[in-house]
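The structure that follows is given in the form of structure tokens.
Chains: A, B, C and D, in written order; residue numbering restarts at 1 for each.
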Amino acid sequence: MPSTNLCLDESCPPYSLMDDYSEGAHPQILEALLRTNSTQQVSYGGDEYSDAARELIRSKINCTASEAEIFFVPSGTSANLISIASCLRPYEAVITLESGHIACKEAGAIEATGHKLILVPPVDGKMTVTNLQKTIQQNQFYPHMAKPRLLYISNASETGTVYTKRELSNLSACCKQSNLLLMVDGARIGTALCSKKNDMTLRDIFDFSDIFWIGGTKAGALMGEAIVVKKHLAEGFVFHLKQHGALLAKGRIMGVQFMELFRDDLFFTLAEHANAMAEKISANFECLGHELAAETATNQVFVTLPESLVRRLQDRFRFYTWEQLDDGRVVIRIVTSWATDEMQVDKFNAWVAHWTAAKEF
Amino acid sequence: MPSTNLCLDESCPPYSLMDDYSEGAHPQILEALLRTNSTQQVSYGGDEYSDAARELIRSKINCTASEAEIFFVPSGTSANLISIASCLRPYEAVITLESGHIACKEAGAIEATGHKLILVPPVDGKMTVTNLQKTIQQNQFYPHMAKPRLLYISNASETGTVYTKRELSNLSACCKQSNLLLMVDGARIGTALCSKKNDMTLRDIFDFSDIFWIGGTKAGALMGEAIVVKKHLAEGFVFHLKQHGALLAKGRIMGVQFMELFRDDLFFTLAEHANAMAEKISANFECLGHELAAETATNQVFVTLPESLVRRLQDRFRFYTWEQLDDGRVVIRIVTSWATDEMQVDKFNAWVAHWTAAKEF
Amino acid sequence: MPSTNLCLDESCPPYSLMDDYSEGAHPQILEALLRTNSTQQVSYGGDEYSDAARELIRSKINCTASEAEIFFVPSGTSANLISIASCLRPYEAVITLESGHIACKEAGAIEATGHKLILVPPVDGKMTVTNLQKTIQQNQFYPHMAKPRLLYISNASETGTVYTKRELSNLSACCKQSNLLLMVDGARIGTALCSKKNDMTLRDIFDFSDIFWIGGTKAGALMGEAIVVKKHLAEGFVFHLKQHGALLAKGRIMGVQFMELFRDDLFFTLAEHANAMAEKISANFECLGHELAAETATNQVFVTLPESLVRRLQDRFRFYTWEQLDDGRVVIRIVTSWATDEMQVDKFNAWVAHWTAAKEF
Amino acid sequence: MPSTNLCLDESCPPYSLMDDYSEGAHPQILEALLRTNSTQQVSYGGDEYSDAARELIRSKINCTASEAEIFFVPSGTSANLISIASCLRPYEAVITLESGHIACKEAGAIEATGHKLILVPPVDGKMTVTNLQKTIQQNQFYPHMAKPRLLYISNASETGTVYTKRELSNLSACCKQSNLLLMVDGARIGTALCSKKNDMTLRDIFDFSDIFWIGGTKAGALMGEAIVVKKHLAEGFVFHLKQHGALLAKGRIMGVQFMELFRDDLFFTLAEHANAMAEKISANFECLGHELAAETATNQVFVTLPESLVRRLQDRFRFYTWEQLDDGRVVIRIVTSWATDEMQVDKFNAWVAHWTAAKEF
């Protein structure tokens, strides 16, 4: 039975562990918006805060303005569709995992810009060189097939795993060999870079890719993602932003937020918290003998539980049921974030322990 | 010579009268974001604030949930391209003024969704029934011509003028007769409805149109526009949002802002201020004998000035030069907003008077 | 050793069994083009030959003009992309086999119209109700996923197999239940309907689908496919033709060809010949102990052969090597057509027998 | 009263002077199709006839294979939409005359590929440097405006006028200066180059443009246009053909036709006939005191006539009424072609003379 500081009151709403965007912004970010609110700024991204944010991001990457341009957009789907549309000619296709965000969570946004997705099965949530090469080989019956031109991956992956430096380096080499661009969706790049499994720096991501983005929405911002575009792909990029409704008149609001996130490493501090909370939950599951459905490397925990235990937990916590297994068990997904309350994590773990012990589920 | 409280210091940066999005958000809105920041909410627009904002907007329109659905998007271009893409089949076209925002300020966003724009010359910045009918008639050589299916207008118009109830009613009747939908871009609908020339309510706009949107960005919000979609067009609308990157994970940030704007008519109070400031500037120009290039009905002033006077003003104020006339004079555009400082307006007027009197320009 | 009437001369070019479009048109079709050449006709499909062809096709289907409209387009890719684009709203997706022509042989033509393809693994080259239902179930996380709205299948399938009436009827019922449209790509519908495995009529195809097309290119025409569109989907269809460059000024040339194909069942006579030639080749392979890689139901033969035998055959015949197996054997594809010379088929079979017996490969 | 060899029988159908695609193909072309019909050829444009046709066209242009590639497509709209889509990045726009074929006769085909059209008023049916420069200047408010990148013109123009070498040279220079590509729609390039007003060769067209096409449909072919693409724009071009359904399996049918058209200058001979017929009609109108609405330079005659005369002529001839003037008169369009019967032209002229003299209209 969990300790008495747990909410036992039925009226207490379930605590959400559904995703990393259930709360607003980190308070420092809101304060920065307040502090800068009344100055007059050039619109559409020409403001001083956006410039400062770009400078800070470049300095974290350790690259110069002549190497990369940085653009802010309001959402991850914007970041993906704009990045991809800007890189490809009409007949060129994207190689992505079957589980890729663009393949199954963006309502056909990439296809809506005219481009085919070529799907590859994941291994540990990730693209492998073997699968990539096989796919390239199978897609060369030109001009009857669309031409693969860009590899899209996410780090952290959709199942929360991370790429190692060797893995990304090998993918990058394979892309160069086949004349493919490489793009990294960094919706959760903060937690990826703060993962215990990570051995990469932002500079590595930059070096191995042609275009990547740094997620703000899932990292403590109100909204906003920063797309880092290597110089050779940056010409005309701003037109794509405008054309897709992603060039905000008050671009300052994204500039201010990223300035705040990267001024003193808040971005990484918050990601570390999210990871730590996930690890605590994951360790508890493992310790209690529950089987993880994916390695817990970042802020997502995939665990296989008896359905009755899942139901018990749902009385007090909100999370996704990810998959119904044939043996009656259920895979659930727990997501932590910069805002996850450690007290609630402790409660969650206590309830898991309680019901597991009781075997009453 | 202007009074001594004017900034004569050369280092004082020019005050911007360029647009209505140079500042952040109205302080009440930021406070509301702070106040609601830490609650856990359902993502992607399912939060309680968005629901409340929808309810408030519907109550201002005086319509029910069964009559209209409301969706929030981050930008005006998003609002336009999503609204239009959602209404049309691939071969259907949009009728718009040559000066329409979608025709000349959105980088081809509508065409990027596949639809043709059919251009009509404006009269006082507005669409007229005569011009509309003529255009419809000239676009019936099917299937060689794209089929006109939607009339797009803006209120306030691009030159700040407003439609009267009779004008909109007549356009609406003409559309119905020709099986056209009618859409109103309301980027500046607040200042339109608060114009001294206005004789319409939000309900009128709703009645005469099939889809319209209420601009937040230019009305004191950080960002965000509310699209009001009549029920018959609402099915599947949310997919369009997602597909175009406009369905924000933290949809709450738009819900909160619109809740605040419509809770106590802040939306209209701010629009009135903007209009009043424009009127003050406009009246001063007229009083000093300068010729207005368009009627000042909302928060934009278009005035024709000698080039030398323009240059003098540019030392202390920022604004767009709109058109270079053949006689050497210049049309400039002054835009006021909810944030425009009346002290600065007074200074501006004083400098205009000073240099006009000095005839030194 | 093949009989002496075989071409043993090295300079004799290999006979093509690569596809069913290596020759021009059936002579009767060219004669019809000559016979009708000089009359003056209304352009863009309004000619009397197109009208007559539409009438003939409707009478073969046994449907009336109030049930279906018929449109002619120059190519199969045109037929597919136009049919699909005309049926779907921007966020709607197509369910297709991984091996579907639109999925892997049309250079991303469907995605270029903005629509996602959802891929399903084939069973005997065909869609099954089980796989379809599973796919529908896995694609309901709205609005994050594109909405499945149309099932695309081909009859004959890409591997030459055919749907039975029961199979198509079940797919149709499943589609209706899930609010999906059903489209049949009939590039090789002639050989399908003439297959010994077939138990359907054109009327069955019509009844079970919402839109389907009858291939002319692979059936003896110079070019041209006839799209049969049920009335509820036909409004505005002709605009799609025009917009995609498929509305030929001299539409008569497709009208005349289809008139000739359906005037006296030439369409079916030619398909029967193609099937008979394939069966002859297939039977010979089986008789000689070679393993078919797919059932031979129409005009395609997929057979697994030793690589050395394939090389021997390539000296005298042209065909696709379809797949390289791990055991060193090769799957080849043989395609016959209305134009396939039975003498050449006999030679082919003789050579296969010769080299198989010699075991010299 | 016309001479007695005129058809006075009411049952005699009116002779069409509506367009240049009311008949089939020139007999020599049909014979060539018959002659080459039974050979086996590589599909999708890889046949020997297409290769020969490309060689013939290049030799007429006087350019080498290393300077230009040539692709055949089934229709003019295909030629335009593919050429334009292949040249532009998503945010780039096309400058065209308001009367341009792509602007008002192709059902929004260009916009359907995502690109904006920027409209320019014509002078004598043509683009002028002055108007082009003004348009470029007015479309530089980036990134809010789409970026002009390609100038599209037609020669002959939509009203049948032709560009002089000086005019095209100046447009070309202006394009180069503004980093615009130049494309020539040559649906009627045959009649343009055979015009008495013409002072250009095919090589001039090639030199002054980046991409242009040679119309076959209006020049005596069954269908088909040949796109001449300068080498720097040719990479990947064939994918566009495939993706838009314009890569015919039996590409040979376009190869054979263009081979025949360019083998012995049949292309030009037929164009000369069309022009001569138009001139005869035009001269008769002028001689009888009727006012031409456009200069007759090629195979189109635009003439302003009393409405009653138009009605009389419509009893015996078919043609478009182009515009209803305010003074009650009507502009009609007469189009001649390679197939226009000189006897019918004589009849037409006789009837015009008869009714003009009778003043009974």
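List of remarks:
By definition in this document, contacts are C-beta pairs under 8 Å (C-beta built on N, C-alpha and C of every residue); 3 or more make two chains touch, one makes a residue touch a chain.
Remember, it's a predicted structure, so these values are computed and weren't measured experimentally.
Farthest from chain D in terms of Cα centroid separation is A. Note on interfaces A-B and A-C: more C-beta pairs are in contact across A-B. Averaged C-alpha coordinates give centres for chain B and chain C that are 53 Å from one another. Each chain gets a centre from the mean of its Cα atoms; for chain A and chain B, those two points are 34 Å apart. Averaged C-alpha coordinates give centres for chain A and chain C that are 43 Å from one another. Residue positions 90-91, 106-108, 112-114, 143-144, 146, 239, 242-243, 247 of chain A each touch two or more of the other chains. Only residues 90-91, 93, 104-108, 111-117, 119, 141, 143-146 of chain B touch chain D when the two sit together in their complex. Contacts from chain B toward chain A in the complex involve residues 13, 15-16, 18-19, 21-25, 27, 30, 33-34, 36-43, 73-82, 106-109, 112, 217-218, 222-223, 239, 242-250, 252-253, 339. By the touch criterion given at the top, residues 85-86, 89-91, 113-114, 142-144, 146-147, 236, 238-243, 247 of chain D touch chain A in their complex.
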